Amino acid sequence: MRRCSWRIFLAVVFGCVVLGQTSVLRAQAVAPKDTGVKIDGEYGPFLPTDISVDGYQVDRLINVLHVFMIGLFVGWGLFFAFCLVKYRQRPGHRANSVLIKAKPSKYLEIAVAIFEAVLLFGFSIPVWARVKSEFPTDDPMRVRVVAEQFAWNFHYPGADKKFGKLNPKIIDLVKNPLGRMDDDPAGKDDFVSGEFHVIEGRSVVVEILSKDVIHSFFVPVLRVKQDAIPGMRIPIWFKTKEKTAGAYEIGCAQLCGNNHFSMRAVMHVDTPEQYAAWVKKVTAPPEEFKED
Amino acid sequence: MQKTFRYGVLCAFAATLGLAGVVRAADDGVIKGKVIFKGDTDKFKRSPIDTSKDANCKKPIGSWDVILNKKTDPITIKNVVVSIKEGLGDKKFPPKTEPFKLTQKDCQYDPHIIAVMEDQPVKILNGDDTNHNIHFLPKKNTEENFSQPQKDEVTGKELKFKLEEPFKVKCDVHPWMGAHVLVFTHPYFAVTGDDGTFELKGLPPGKYVVEAWHEKFGTMKADVEVAAGKPAEKDFTFEPK
Amino acid sequence: MAQHQHKGGGHGHDHHHHDDHGAGHHELSYWRKYIFSVDHKIIGIQYGLTALCFLFFGFSLMMIMRWQLAYPNKPIPVIGSLFPSFFPGGAMAPEMYNAFGAMHGTIMVFLGVVPMLVGAFGNYVMPLQIGAPDMAFPKLNMMSYWVYFCGGVTMLASFFVKGGAAQSGWTSYAPLSVITQPHQWGQTMWLIGMVFLITSSLLGSINFITTIVQLRAKGLTMFRLPFFVWAQFVTSFLLLLAFPPLEAAGILQLMDRVAGTSFFMPEGLVVSGQMQSYTGGGNPLLWQHLFWFLAHPEVYVLILPAMGMVAEIIASNTRKALWGYRTMVYSIIFLGFMSFIVWAHHMFITGMGQKMAAFFATTTMIISIPSVVILTAMVITLHGASIRFNVPMLFALAFLPMFAIGGLTGLPLGLPVSDIQLHDTYYVIGHFHYVVAPGTIFAIFAGIYFWFPKATGRMMNEALGKVHFVLSFIFINVAFMPMFFQGLAGVSRRLADQTGYAHGNAVQGLTRMSSWGAWMLGLSQVPFIINFFVSMFAGRKVSENPWESTTLEWSAPSPPPHGNFKSTPVVHRGPYEYGVPGIAKDYFPQHQAGAEA
Amino acid sequence: MSTAVLPYTVEPHPITRLYSGKLGIWLFLASEVMLFGALFSSYVLLRVGAPVAGPAAWPAHAETGLSWKIGGFNTLVLIISSVTMVMAWAALKTHNIGRAKAYLATTVFLALVFIVVKLTLEYIPKIQAGHTPSHNNFFALYFTLTGLHALHIIGGIIVITYFIGPGSALWKTDPEYFTNRVECTGLYWHFVDLVWIFLFPVLYLT
């Protein structure tokens, strides 16, 4: 029994690897669900399509880290497996009580530490600084995102590029979901939609708010995620690549209640013409609703 | 399933008997009338609702807070609840047993007014291919809040409200979706429809205070005397500024 | 040392021996002996059995949730029709999913793993390893258990109140946790239960530290302590100092829910179109800071005792001293210390500024190094060893690569930039489950197989144990490995149904694979359950030291009597003197007098 | 006795120079420091982050209606009770159980005075004036912090009363053990006073 244990162990490890790989490769989507709009982009068991100009920095760090992790794990695993086989208990074999001087381990630990420092100071802190402080100055679009249980509202400032004041006391979910004030001149040309429209290749500054609980504004294809925290206004920014027009998904990444799973919105990356047409449609004075 | 059904039938039978016992056949008094609108109809146009939050909500829908029946003459108001407010004394009425069906269809509530008796079952159905979350916001009754992720026009979920009060209902996934629940202790209530009329039937003769309730225009009361065998008529006129 | 003749089975607490220091020792009633016992061994076993039940219960919750994830909104087979009030139409409603999710987390962490590691193993093994007759405060020890029990009952009862159990995740982020289920008891009972559990852990940690400081046997200096005791020592400090802030946070949230205060509520909250009556002026992030100030040390509470157990088992089954014992001790102390200043790496996405993020990312990178050191030391111990592949050793060995995966995948989450994409996705779930499930839970299994003969005087069956190990090892990976890929794909955690998203739908196949892995993992526990109960009564009887180990607990009879040792032990050497030259046997127990190595 | 015989319950450990109970109570107090520390940190954060105007703004000192005279009186009461607690322990050290009990009883009496003053002159008038915990965050913190402190006082009263009553039986069998227990209770009691000495300026004077 004892003598064959290590073989069982190896077989198990091998089996796991094979099983894991085949399953990942064979993991296919179930029948697509009708969500009203066809979503562009490619999605699978790895990072999804990236349509953001700066998204590659996130991807690069994730990729570098994974190569490093897999390398370390494989190297370390080989040593582990070697020890398990070579030093298994068997007749005539006795443990060596003298502890080895494992200089390589010290070097390995130092190498790991240095590598982590490089990741930290080379790939993380500067990028984070860019994300947090280098807001675009090239006349970005400005949009305010207001999260609520369980929907996203997109508040556009209109031609004057100024947001009107919001007053939570006058919120009317049918006619005035954000509580926009009529007497605020800055808010005269504002408009609100349930769809997020941006222009391709143009930078966007998004101010994130929440009406009730903590939500998280997550656009996988943009590598953008930011919690929406009630009582706070948190600005973020991104810029889409050229020629990425299409529809993409926005999700909520922070548990926000019963229907957290269905708190989804669609981001339309438009050409300038499409965008202008949409704005015209949304801002047109409402006609009276007539039932057929 | 079988068993529940059998019990249901039994209960319904018993309830009918009870009803017959309490409300005698002679109670055939009727109050009828219409709810009239007076004022500037342009101020109360229905506006289209922005349903862009969910691409599954394809059918255009309009606001419901004020729906005027412009084809009738005079112009009447839809979705006004007319009910007996006073005059029934301490009489107890057995609850209606047939469930009130509330369907979520095209991302709006059908019907918009849920007028039910205490303990009358309300059956909530989902007629859309999207997730709905119905959220009742009562003051006295217990708050109910649950989602119906799938189209389901048969089973649904049944609820009962125990205490008399009007309160709002909304959908937490489609914030624009709203409706009103009115719970009564008695069966004498009616909701105006496309013709703006109402009829309260089966009343014992006597003096009553009748109330008309509208979600936007508020309430209005009137004294009505019901005599046996002759329908009493009473119109309500709302004159919003 | 004379062979101790063990009589009778059951839980194995016979008192047919003559102990020479049990002054005033007389037969106790059944209740005082087994239920309201003050003996650390009985309390340890009580903790262990209760925690195993909770682990099983928490795992069952998850297996039901996995159905909803794999086959959204389809009726759950068998269970759906058994509990129609929980599952209307046989399927799991999203609010029920949230309740199960919150309770799965809470139960596994606070009612399962911590009581198992600290309450059960700590209580049972630690006093034996330091040669103490009992814990320093036996009555306090009993109280810890019963307070823990009350907390557990409160948590379980919350499933049956109107509105169901808490639904805001095990993290209970305000304001969600304050505004959900208004006027209902679910979340309030969660908070009350937490106050119980925290109190229990606090009392326990005071007891542990005092015991380790005061009651070590003669000659047992701090650097002769087995590594497990060191792990318990550091863990107790974490519990002692990290839990009170959560208790404070719990009290504040309780006030918000019950008294209408606004500690975590900002001004102008509009829920479901209704203006809220809270005065405002509070801060939702305050909860997160207080919570994670506890919960990050808590992560180390979950892993350090597991490391300690694995170290014990590896030393015993490699027939070799631990490589770098002192380095490991320093590392574990450093880990404990550092764990207090990394908490905000859970909050990068809350809008944290550059300086804070840089600080917490740096401390997070630093804290990874002692973990690497400990892991490396354990692997190097294998070099030049003579490895016995018995069941405890298999689990302990499997702990190493599994914990390595869990630890390594923590790196992308500790750097704010990669955390943008991976935060709150399945990647996080995969990461900490690799640490806690194949990591800590495997260590727990290893510990059960290893110390079972000490507690009962009987061995567990090796063949069944191996079946249990192989199946568990395969399926735990099938269950958790797909989560990394789902996370990379961008699937958020805590979604009752991910197929509504295109990126979620694309990896639904992986979700199903993970679910099947989880159910198979559940089935794989059957051999263990059989083995556990049958071996208790019919296992092979063994002497006091079946593994031929060196630490003190193996010098006590199996099971140890009241007062633990036949004669007060005296320690002569370090904890892992295996294969000492000049000694006939390949181990040299700590208590045995003789030439110093 | 159902417990195993443990060393260092009475005599101090040769290295730590503490008996187990004393080490235990110090550890307990360390955790209490963390508990109140977290609450004081919350106080600081909420006060610094409070809105400048509106109903949620931090009230000016005069608006709180807290009287430093009542607070000061209670501070004095607690300080004296700490002294009597020490005197009780000193009396036990000189083997005078009668005097020790008298001092313990004085401590309990002073603690009750504290609670009664707190309840009748502060809590009830505040709530009647509409200054409930939900009024604003100042009162929320005021009630939470002083309420938790009052719970600690009540806990102390129960323990000390136990030592005056049934707990004192231990004096006959093991006087030193009993003295140690009173000493530990004293340490706890001083800590509770200390918390009040922090609470008093934070709530009443600023």
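Letters A, B, C and D mark the chains as written, and numbering starts fresh at 1 in each.
Note that a contact is a pair of C-beta atoms (placed from the backbone, for glycine too) under 8 Å apart; a residue touches a chain by one contact, two chains touch by 3 or more.
Predicted, not measured: the structure shown is a model, and the values here were computed from it.
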Using the contact definition given at the top, which chains are in touch with both chain C and chain D?
none
Measuring centre to centre, with centres taken as mean CA positions, what chain is farthest from chain B?
D
What pair of chains has the most C-beta pairs in contact?
A-C
Centre-to-centre distance between chain B and chain A (centres being mean Cα positions), rounded to whole Å:
45
Express in whole angstrom the distance between the two chain centres, defined as the mean CA positions of chain A and chain C.
30
Chain centre separation in whole Å, for chain C relative to chain B (CA means)
54
Cα centroid separation, chain A vs chain D, in Å, comes to 49
Residues in chain D with touches to at least two other chains are numbered none
By the touch rule stated above, which residues of chain A touch at least two different other chains?
35, 148-149, 173, 257-259, 261-262
Junction residues of chain B - those touching two or more other chains
131, 145-147, 149, 170, 172, 175
Which two-chain combinations touch?
A-B, A-C, B-C, C-D
So in the complex, which bits of chain D are touching chain C?
1-8, 13, 16, 18, 20-21, 23-24, 27-28, 30-32, 34-39, 42, 45-46, 49-51, 54-58, 132-137, 140, 143-144, 148
Under the touch definition given earlier, write down the residues of chain C that touch chain A in their complex.
94-95, 98, 167-169, 173, 175-176, 179-180, 266-273, 275, 280, 283-285, 318-321, 323-324, 349-351, 353-354, 357-358, 361-362, 365, 368-369, 372-373, 376-377, 379-380, 382-390, 394, 397, 400-401, 404-405, 408-409, 411-412, 415-418, 420-425, 462-463, 466, 470, 473-474, 477-478, 481-482, 485-486, 488-490, 492-503, 505-510, 513, 578-581, 586
Tell me, which parts of chain A touch chain B in their complex?
34-37, 148-153, 173-175, 177, 192-195, 257-259, 261-263, 265-266, 286-291
Under the stated contact criterion, what part of chain C meets chain B in this complex?
72-73, 88-89, 93-95, 162, 182-184, 272-274, 496-497, 500
Provide the residue numbers of chain C that touch chain D in the complex, in ascending order.
21-24, 28, 32, 37-39, 132-134, 136-140, 202, 205-207, 209-210, 213-215, 240-245, 247-249, 251-252, 255, 259-263, 267, 277-283, 286, 290, 293, 562-564
